[in-house]
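Have a look at the structure below, then the notes.
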Amino acid sequence: MPALPTEAVLGAWVATGLTLFIYSFLYKDNPLFKLSEHLYVGVSIGYSVVLAWHTIFLRLLWEPLAQAVRDAPSEAGSYMLLLPASIGLLMLTRFVPRIAWLSRLAFAFVVGFGSGVAIPRTVSAAILKQIEDTVQSLAPTGTGGYSAFMDLALPQSGINAIILLIGVVSVLFYFFFSVEHTGPGRVAARTGVYFLMLAFGAAFGYTVMSRMSLLIGRFRDLITFSGAEYGYATLILLLVTVLSLAGWELAVRRKGGKA
Amino acid sequence: MMGLAVFLLLLLTGGEALALAPPEGFRILDTPNDAGKSLSLVWRASPGESKDRTVQVWIAGVRPPSDMGSDPVAAVAFQKVAEFPANTRYVKPGDFPWWARPAGKGDHYAKLASSPAFPIEDGRPYAVKLLVREGDQEVWSEVVQASARPDWFNTAQMNNVLFVLAFTGTLLATIAAARRNPHVYLRRIAGLDAVDEAIGRSTEMGRPVLYLTGSGSMSDVSTIAATVILGDVAKKVAQYGTTLQVPHRDPIVMAVCQEIVKESYSEAGRPDAFKEDANFFITDDQFSYTAAVDGIMLREKPAANFFMGSYFAESLLLTETGASTGAIQIAGTDSDHQLPFFVTTCDYTLIGEELYAAGAYLSREPVLVGTLRGQDLGKAFIMGVLVAGTALATIGGLAQTDIFAYALDLFKDFK
Amino acid sequence: MKAFARRMVAIDRRIIFLLIAAAVLVPLLRPFGLPIKVSPEVRAVYDYMETLPERSVFLLSFDFDPSSKPELEPQAVALLRHAFRKNLRVIVMTHWLTGTGLADDVVSTVAAEMGKQRGTDYVFLGWAPGAYALVIAMGQDLYTAFPSDYRKIPTKDMAVLEGVRSLRDVNYLISLAAGNPGIEMWYVFGKDKYRFEMAGGSTGVMAPGLYPFLRSGQINGLIGGLQGAAEYETLIGLTGTATAGMDAQSATHFVIILLVVLCNMFYFVLRGDPGRSR
Amino acid sequence: MIFFKRHLPLAITFVMGITFALQYYVPHPVSEAAITAVSKWMQIISGFALLLGIASLFHMHAVKIRRQAAGWGYSLVLYGAMLGTMVVGFGSHGETKVDGAQTAFGWLYDYTMVPLQGTMFSVLAFFVASAAYRAFRARSREASVLLLSAVIVMVGRVPLGQVLLPWAWDVTQWLMNVINSAVRRAILIGVSMGSVALSVKIILGKERSYLGGGKDA
C-alpha cells in the first residue's frame, strides 16, 4: 500500500482528536469539549469571512463594477452596484450608536422586499395549491372502480382522500381558538389530536433515524482513521482523551470544586 | 350511437377515402397573461384526429405597412416552426380558470414562444397558418394574423389577489376590533390549566419552580409568548409563596423577564417577596447552557419545569433530566422538529400556535388578539372551502358536470 | 419487582451510551447485508432521471453543511453518478456557505471517478448569498447571479452551459436540503415561476414536512435520509456508503425500540410510586 | 428628525412591500427587470448582513475577554481559530483546491470544520438513546399513540424491520403519505396564514420589532 501523504495523516489525527473531544461531553461538560466547541465556532466564522469576501465583495461587487466602469466610465448605469453597497453599509451603522438609526433604512428595505415577495408566493404555494390538492372528487371513477377506491396502499385512492380531508380539517380545527372544544367540537378536536400524534410519531421515527445516521457517519470516519496507515490515530487518541479526562477530574476533586 | 361508432370505424379504417378537412375555427391571439414575445393558436377539435395525422405550424413576419406590397401576406416567406400529432395540445380541465380562458374545453391550444430559430417581436404582426397532413394528403388552414404584446396583469391569478386582499381586510378589522375590546372570546388553552396544579405541587413539596424561555431573542413571537406566560406563572408563584428560577441565554430577554416578574409580584400584592436574582444569566452557548440547567435540575430538584419558547437539539437533554427528577413538566413551543420529544417527555405540551394563543389569551394585547382572531376567521373559511369544495367536486363527478368549476376554480393555483 | 425496576431505571446513562455505540460499531465492522426495499417516492426521482435525454441540464443544489454530511453526501454521490452515467450536463451549486468546500469535494471526486471534465460536462458554481433573491436572479439570468464559477472561471461561454440562460433552461433540479434555504424555497421562488421539474433530497428530520409538497406534485420525488440514499444506490446498482450504513441503522433502531419498551415496562411497574411519576 | 428615524423606514417598508407583492401579478418585462435588479442588490446587501452577524459575534467575545468573564479563555480560543482561519484563507486566496491539490485552507476545512460540525450533532444520537430509556413514556393516551406510530416507522424504515415485519413497511408508507401529509398540510396552511399575516402587518407598519436598534428620539 502506498504511504499516505503526511498532511492526510496529520489531518486524520486532528479530525479524530476533535471528534473524540466532542464525544467527551457524553461523560460530562468538560474543558476538552468546550475547547473544541469554541474552535468550531471560530473556524466556521473564519471560513465564512474568507468565502464571503471572495464571493460577495470580489465576485459579485468589485469585479462587475470595475468591468462596467472600464467599459463605459461615463454612463451612470455602470455605477448602479454602488447603490446596494451603500445600503449594505448603512446596516453596519449599528455599531455606531449615534447614527445607528440609519441601519433602520437598510432593514426597512430588506424586510419590506422580503415581506412583499413572500405574500403572493406563500398564498400560491402553501395555501391555494394545498387546498387544490385536498379538494378532490370522491366519486369512484376511473380505472379499478370500487376496489381501487378502497385501496389504502394507494396514496391517491378515494378512501385516502377522505382520510386526508378529515385529517386536514380536524387539525385545522384543533388550532382554531374562537370556539370551545365541547360537543361536536370536542370530537373534531380529539380527532385532530390523534392525527397530530400519529404524525409526530412519524416525525419522531424520522428524527431518530437521522440522528443515528449522523452517528454512523462519524463512526465510519473513526474506524477509517484507526487503521495502521493513519498510525492508529483513533485508538491512541481515545486513550489520550480518557486519560486527560481522568486527570481533569482528579485535579478538580483535589481542588474541592465542583466539576 | 351505433351510427357514430360505424362512422368512427369508417374514419379510422377508410381514412384515405375521406378528404382531409382544414382545421375549424382556427384563430390566433396574443398569449394572454404573459411577458410578451409569444402567440397562441386555437382551433377546434375534429373527429378522426390520431397520432398518424400531424399538424404543422407555419409562421411569417408581416412587413410593416411602410414597405408593404400589394399583398402583405403573400409577399413574405412562411417558415415551419412546429409539428405535432393532431391528437395532442387539447385544453384540459384545470389548465385555465373560467375567468381567463383563451379557448373552450376540448379545443386545441398551442403556444408559440420566441426562439432563436424564429424570434417573435412584440408589436409586430405575424401571419400564421396550419398544415394538416395524413398519409399523402395535405390541407392548409386559412391564414390568420396577430401581434404579441406583454401584459400588465396576470388575470389567471385574480383569485390570489382576492385572497390576499380579503385576508388583509379581515386582519385589519379584527385588530381594530381587538383594540376596542381586547376581551373577545378565545377558548382556554388546556395546558394552561395545569399551571396551577404544577405550582401548587411545588409549594406543597417546598421546591422551586424552574422556567425556561427558550433560545429565541426578543424579536421571536414564541419568546414574546414565553415571557407573557412567565408573567402569569410568576403571579401564581408570588401568591402561593414559592420560589421561581429563570436561567437565561440572552441578556435582553433576561432584562425583559426581570421587569415582568417584578410587576407580577406587585400585582399579586407581594412586592416584598420579589428577588432580583430569580432571573439569572448562564451563557449563550447552547450545550454549556444545557449542562448548567441540567445541573440545577439535579441539585435543586424543582417540582415544576416550564419550557416555553423555541428550542433546538437541547430540548431532549433538558426534558430528559427533568423527567428523571420526577418534576411536572409543561412545555410550549413552535419548534415543530422538537415537538415529538416534548410530547413524550412532558406532562402537558402547548403545540405550535397554541403557544401564541396562550400568549394572546393571557396578555390581551390587541395586535396579538386581533391577529389570532383574523387567522381564526381565515382558518374557518378554509375549513369551509375544503368541506364544501369536496362535496361539490364529488357531486360534479357523479353527475358528470363542470358547473361547479365556477366555485372550485377560485381555490386553485393558476400560473 | 419494584425494587428491581427502580434500580434499572436509575442506571447510569453512560451504560446506554455504550450500548448505542456498540449497536453502531458492530454492524459497521461485521456487516450482514440485508436487501433494501425501494419506496415509490425515491423511485420517482430515478424514473424521471431515466427519461432525460443526453446532455439535458441537471442542477443539483447542495443545501446543507457538514453537520448533515453523513445523510446527504451519499445521496449526492448516488445522484451524481446516475447523472454522469446518463451523460447529463451537471450544474452544482450551494446556498449554504459552510457547505461550499464539501460540495466541491463531492462533485470533483465523483466526476474524476466517472471521467468527466469540469467546464464541459459539469460546473461547480459555488456559493452565492441571497437565498431566495439568488433563485430569482438565476431565474432571470444565470450569468449575473454567477459571473464566474467556484474556480473563478467566467461562466459565460462555458461549454457545459451552452444554451443555458436561466433556470428556465434547466430540465431537472434536485435540492439536497438540511433546512432552509432548501427544497421549499426552490419551489416557491424557482419552480413555481420558471417551470422546471424538481425533486428533493432531505435529511430524515426534514422529510416528513415535505410530504404535502410531494402529494400535490410540487416536487415529483423525495429522497429521505440515509435510507433514501441507500434506496437510490440500489436503483443505480452501485452500492456506496449508504447501503453499507443500513445494517448499523437497523441495529440502532431496534436498540432504541428495545429501550422504549423497557422504559415503559419499568414505568408501568412503578406506577403510583411517589416521586417517580404521577 | 423623527421623520427620518421613524417615518422614513416605515415608508420604505411600505413602498417596497406593496411594489414587490404586486410585482408577482405583473408579467410585463418591466416588472421582471425590476425584481431581477433588486434581487441582485439583495444578494449584495445580504453579504453585508452576514458581515453584521459576524461582527456582533466578534464584539461579544471581545467584551468577554476584556472583562475576563467566566470562560474568557475559550473566547480567546475562538478568536485564535477565527484569525488563524482567516490568515490561512486569504493566504490561499479563498481557494480550497488548486489544480487538484488541497490548499492549507482546504485542509483546515476538511480536517477541522467538517469533523467538528458533523460530530456536534451526532452526539444527539446518544441522548436520544438515553431519553428513549429514561423519558419516552406512554404517560397519556396521546403519547401512547405517538410512541406506537414512532415504533412502526422506525421498524418500517430499515431493512431489518422490513425482513422481520414486512407489513411495517406498508403501514409506514401509509402513515407518511396519508396521515403525515394531512397533518403537515394543515400545519403548513396554518403557519403560512401566520406568516402572511406577519408580512401584511410589517408592510402596514403594525409590526415594527424588526427595526430594533437605535432609539427613536
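Chains: A, B, C and D, in written order; residue numbering restarts at 1 for each.
As a working rule, a residue touches a chain if its C-beta (ideal position, glycine included) is under 8 Å from a C-beta of that chain, and two chains touch if they have at least 3 such contacts.
Computed from a prediction, not measured in an experiment: that's the story for all the values here.
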Interface with most residue-pair contacts lies between A-D
In terms of CA centroids, furthest away from chain C sits chain B
Expressed in whole Å, how far the mean CA point of chain B lies from that of chain D is 19
Whole-Å distance, C-alpha centre of chain B to that of chain C, is 24
Chain centres from averaged Cα atoms put chain A and chain C apart, in whole Å, by 12
Dist(centroid_CA(chain C), centroid_CA(chain D)) in Å evaluates to 16
Among chain B residues, those touching two or more other chains are 157, 160-161, 164, 288, 336-337, 340-341, 343-344, 347, 352-353, 379, 382
Multi-chain contacts in chain A, i.e. residues touching at least two other chains, fall at 25-26, 34, 37, 44, 47-48, 51-52, 55-56, 60, 114, 117, 119-127, 129-132, 134, 155, 165, 168-169, 172, 175, 196-197, 199-204, 206-209, 212, 214-215, 217-218
By the touch definition above, chain D meets two or more other chains at residues 21, 24-25, 32, 35, 38, 40, 42-44, 46-47, 50, 71, 109-110, 113-115, 117-118, 120-122, 124-126, 128, 130, 132, 134-137, 139, 142-143, 146-147, 150-151, 154, 157-158, 173, 176-177, 180-181, 184-185, 187-191, 193, 196, 198, 200, 210, 212
Per the touch rule, the chain A residues reaching chain C in their complex are 26-27, 44, 47-48, 51-52, 55-56, 59-60, 63-64, 114, 117, 121-122, 124-126, 129-130, 132-133, 155, 199, 202-203, 206-210, 212-220, 223
Per the touch rule, the chain C residues reaching chain D in their complex are 9, 13, 16-17, 19-21, 34-37, 39-40, 65-70, 97-98, 100-102, 104-105, 108, 128-131, 133-134, 136-137, 140-141, 144-145, 151, 208-209, 211-212, 214-215, 227, 246-247, 249-257, 259-260, 262-264, 267, 277
Within the complex, chain A is touched by chain C residues 14, 17, 20-21, 24-25, 28-29, 67-71, 73, 97-98, 100-101, 126-129, 132, 136, 144, 147-148, 152, 184, 187-189, 192, 203-205, 207-209, 212, 215-218, 224-227, 241, 244-245, 248-249, 252-253, 256
In their shared complex, chain A is touched by residues of chain B numbered 157, 159-161, 163-164, 185-188, 285, 287-288, 291-292, 336-337, 339-341, 343-344, 351-354, 357, 361, 372-373, 376-377, 379-380, 382-383, 385-387, 389-390, 393-394, 396-398, 408, 411-413
Chain C partner, complex, touching residues on chain D are 32, 35-36, 38-40, 42-44, 46-47, 50, 95-97, 100, 106, 109-110, 113-115, 117-118, 120-122, 125-126, 128-130, 132-139, 147, 150-151, 154-155, 157-163, 169, 173, 176-177, 180-181, 184-185, 188
